[in-house]
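Scrolling down, you'll hit the structures one after another.
Next come two complexes, and both contain chain A; in the first it sits with chain B, in the second with chain C.
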Partner chain A sequence: MRVEYINPFVESAMSVLKSTVSENVKRGTPKLSTSINNIQGVAIIVGLAGQVSGRVVLDMSEETALNVASSMNGERLDSLDELVSATLTELGNMITGNAITKLHELGFKFDLTPPALFVGDNLRLTDNKIEALVVPLELEEGNLCINVAIKENIYK
Partner chain B sequence: MKSASDFPTINAKIPDGLKEDGSKYRVLLVDDSIFVKKQLQQMLLSQDYEVVDTAADGEEAVAKYKQHYPNIDLVTMDITMPKMDGLTALEQIIEFDRSAKVVMISALGKEELVKKALLLGARNFIIKPLDRVKVLERLASVVKR
Partner chain C sequence: MSEIKNMDFKYLMQNQQNINSSLSIQEQEKKQVIEYDSKIVSFRIGNQYYGIDIMMVKEILCEKRFTPIPNALEFVRGVFNLRGEIIPIIDLAKLFHLNVNYDTIPEEGESVIILKVENLLIGVIVEEIMQVFPIQKEKIQPPSSLLGSINEEYISGIIDIEKRLYVILDTEAIFGDKEKAKKEILPQESDLAEEFFTYFTNQVEEFAGIHIHNANKGKFRELYSSYVRENNIKDMPKLTKDDAGQILKNFYSVNTDSFWNQKQADSFTNVVTPLLNKIDNKKIKGMNVGCGNGYETFSLYFILRNICPDVQLIATDNNLGAISNASGIEVIDKEIPAWLEINKNFIKTGGNQYKIKKDINDQIYFEFHDAKNLSTDERKFHIIVARDLSLFMKESEYNQFLKDVAEHLVPNGILIVGDSEVVSSESFIRIDEQDFSVFIKK
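Up next is the complex of A and B:
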C-alpha cells in the first residue's frame, strides 16, 4: 500500500477536525490492521473508486460521536438523530472530499461514494485482501480512528 | 463631549444581506445535509439575508427556483446530492435564467470540477468546511455585483 495515498486522508482528517470540531487534535501511532476490524460503535464509511478501490472509515464510540456532532453544531446533542447523522456524514464528506482534491493535484484519480453511517455495538468490517492503515486521532471530544484501505487497480 | 453613541450610524456596518433600499437579498439554499443547511442558514440570517426556501436535491432546486422566480437573488448550491447533482441543477437554472446568481458550495474542490462549474455559469465556488467569514465575504461579493 502506498503511503502517498494514505497521507492525504490523515492530513485532511486532522485539518477538517481542527477547523470544525476542536483545535487540539493529536495523531497517535499508525497501525497496520488485519483484515477484520472491530468498529467502536459508530462508523462513517466512504468508498473509493477509480485508479484504486478501497474505503475510508472513521470510527468512534457513540459518546464520542455525540460529542463531535455537538461541537460541530455549537449545541449539545444527546441522541443519534437525523441532525447528528447528517453532521457525521458531512464530516466524512469533507474529510474525503478535501483528500481526493489533494490527490487529484498530485495526479491520482480517485472518486468517492457518498458516505454511509453505521451504528451498532458489534459491527465488524471485513475486507478480503485489503490491508488497512489505522491512525488513532485524539480529541477533547474523545478518540476516533481513521482507517484507510486502498488497493491499486491494475489495468492491462 | 460627544460619545461614540452620538454617531450610531457612522461606524455601524450595514449587514451584507441588505440591499441599498433596505430590503433583504433573497436566497435559495440547496444542500442534502440538514447539518450544512442549518450552518448556512445561521450565517445568512446573521447578516440579515432572507432564506426564501431550501432544497435537498437538484430536481427540487430547479423546481423551487422556477417557482420563486424572479424573487430570488442568490442560490447556494451543493454538488453531491441524490436524484440530480448540483452541476446539472446549475445548468438547468442558468438555462432558465441566464442572469441567475449561483454559488457552488462543495467538499470537493478538484480543479476540473471548479472550472466546469464556472464555465456553466456559477459565480463562485466555496469549498467546505465552511469558514463563516470567508463564506459571507464571497456571497456578498456575488450578490452586490
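Up next is the complex of A and C:
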C-alpha cells in the first residue's frame, strides 16, 4: 500500500474517535497482514473505488462496539439494535470519509461504497490477493482495529 | 551328486595348497633361523582372520556396555569410558560391510581392541580375539584387488601363518585418514570449527535480528574467518552487539546507504540496458523491494530513466519509518554523485540540504509492503531489485520469495540480489557481472 495512504487513514481514525468517542486514543504499531484475519465480533466495512480498489474494516468486539456506540450517543446502550448499528456504520463512514477528503487534497481520487455492518461469532475475513495494513487502536471503551487494504487500479 | 563331487574337488585343491605352503615354510625353516621383526594381534570376524600391527594396539578388553550416540553413523556403536577417557567404539564388521550377525553377544562382553592412531584412541569391536603372532614384514604379501569386502587401500597385506591366511589391516589408513575420520568417525577440528562458526552466526543473528542461511552463509563464512584472524580468536567466539553490527555492515551490498557511484551506475547501465531493451523498449516497470531509506530506489530510478524515458517504479519496505523517509529523501550536497545531476534533479531546501524534486519523487510509488506478501500483488515487472533481502527472511520464506519474484517477472525479466547473495532457484540464470548480482528469469 502506498505510503501516502497510510497517514490519512490513521490520522482520520484517531481524530474521529477522539472527537466522537473518547479523548484517550492510543495507536499501536502498524502491521502488514494477508489473507485471513479473525474478526473480533463486529466489523464495519467500507469499500473503496476509483483510481484504487480496496476496503476499510473497523473491527472490534461486541462489548467494545456497545461501549463505543454508548459513548457516541451519550446514553447507555445494551444491545446491538438499530440505533447501535446506525451509530457504528456512521463511525465507519466518518473515518473513511475523512480520510478520503485528506487524500483528495493530496491529489488522489477515491470513492466510497456505503458502509456495511457484520455481526457474529467466529467471523473471518479472507481476501488472499491483497495485503492489508492493520493498526490497533486502544480506547477506554475497548480495543479496535482498523484494517485498510488498497490496491492500485492503474499500473497493471 | 555332482555338487558333492565339486565340493570334494574344491576341498582337495585347498588341502593341496595348504600342504604346499606348509611345505614351503618348513623348507625355509630348515634353511635359516627366522628373524621376526614385527608382531600382529590376530582376530576373527565371521570366518575370516585378520591381523593388526601390535604397535598400534594399546590394549584389549571385553566390554558389554557402550553408550550409544544418537544420530551416529551405523558403524559407530557408541562411546566408552576407558579410565576417564571417552573413546569411540567402532564395529569393524559394519565399517567394512562384512555380513556378520552377532546374534549372541558373549556373556563376558564383546571383544574390543583399543587402538592408538595418531594420539587418538579408538575401540574396534571384533568377533573373537585370537593370539599374537610374531611375523616377518617381508612375508606380508601385497593385497589383491580381488579381495572384495574390505577396500584394498585399508589393507597392508596378507600373511600366511600356520596354514591360515590373515588379512593385515592398515589402521592408519582406516582411522588416520584425516578427511574420513573428521567426516565420519570423530568430532575433530573441522567439526569444532563448524561449531564455532554456527555459534558465531547465531550471535550475529541474535544481535542484528537477521537470518543467516544458505542464500547468504558463504559471505558470513568469509566474515567469520576475517573476524577470527583480526581478533586472534582460537576458541568459541564471543561477540558484542557492536561486533555483530560491524559484521553485518560488511555484509551489505556496496552503497546500500548511499547513492550508487559512477562506476556502479555505468556497469548497471551496461548490463541491464540490452536485457531490458529485449523485453520492451518503450516502457520499464520496476520494483525495488526492501528499499530502506531510498538511496537505492533513486539511484535505480535515474539509471532506468536514462535507458528509457517511461519508467514506472515501485519501492517497498516493511519498515514504515524508513519508507516514509525514503519518499521525499533529504540529503546533503556531498552525498550526491555527479551523475545524479544535482541541479537538474534536486532542489535546495536550505544550507547544504537537498531534496529530490517533487515531480520526480511522485513518479515513484513508495509502498508499505512486506516482501513475504509479494504473492498478493498482481502486477508484473521487467526488473526487480531486491538486494540483501535474504537477511530479513528465514530460508523457507526467502525461497518462497524467489518463487514469487519469478512469478512477478515477465519472461526474461531481471532480478538483482545483494552482492553476497546466492540464488539457488532453478528459475534464474546468473549473468556475469562484477558490481551487481544479476539474474534472468528463464
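Here, the second predicted complex is superposed on the first by the 154 of 156 C-alpha atoms of A that agree within 3 Å, B and C clash if a C-alpha of one lies under 4 Å from a C-alpha of the other, contacts with A are read in each partner's own complex, and residues count from 1 in each chain.
The definition used in the following text is that a contact is a pair of C-beta atoms (placed from the backbone, for glycine too) under 8 Å apart; a residue touches a chain by one contact, two chains touch by 3 or more.
As the structure is a prediction and not an experimental result, all values here were calculated from the model.
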Overlay done on chain A, so just call it for chain B and chain C: clash or fit. fit
Identify the partner contact of A:Ser79: answer first if only chain B is touched, second if only chain C is, both if each is, neither if none is. neither
Check the residue A:Leu32 against both partner chains and state whether it touches chain B (first), chain C (second), both, or neither. second
Chain B versus chain C as contact partner of A:Thr89, first or second or both or neither: first
Name the contact category of A:Ser19: first (chain B only), second (chain C only), both, or neither. first
Going by the contact rule set out at the top, does A:Ile100 touch chain B (first), chain C (second), both, or neither? first
Looking at chain A, which partner touches more of its residues: chain C or chain B? B
After superposition on A, vertex chain A (C-alpha centre) with arms to chain B and chain C, in degrees to the nearest 10, comes to 160
Could you tell me if A:Asn122 is touching chain B, chain C, both of them or neither one (first, second, both, neither)? neither
Which value in Å is the smallest Cα separation between chain B and chain C when the structures are fitted on chain A? 22
Jot down the residues of chain A that show up as touching in both complexes, chain B in one and chain C in the other. none
Give every residue of chain A touching chain B within the complex, in rising order. 16, 19-20, 72-73, 82-83, 86-87, 89-90, 93-94, 96-98, 100-101, 104-105, 112, 114
Give the list of chain B residues in touch with chain A in this complex. 33-36, 38, 80, 106-112, 127-129, 131
Which stretch or stretches of chain A touch chain C in the complex? 1-4, 6, 30, 32, 34, 128-131, 133, 151-152, 155-156
Going by the contact rule at the top, pick out the chain C residues touching chain A in the complex. 285, 312, 314, 318, 320, 323-324, 327, 365-370, 373, 376-379
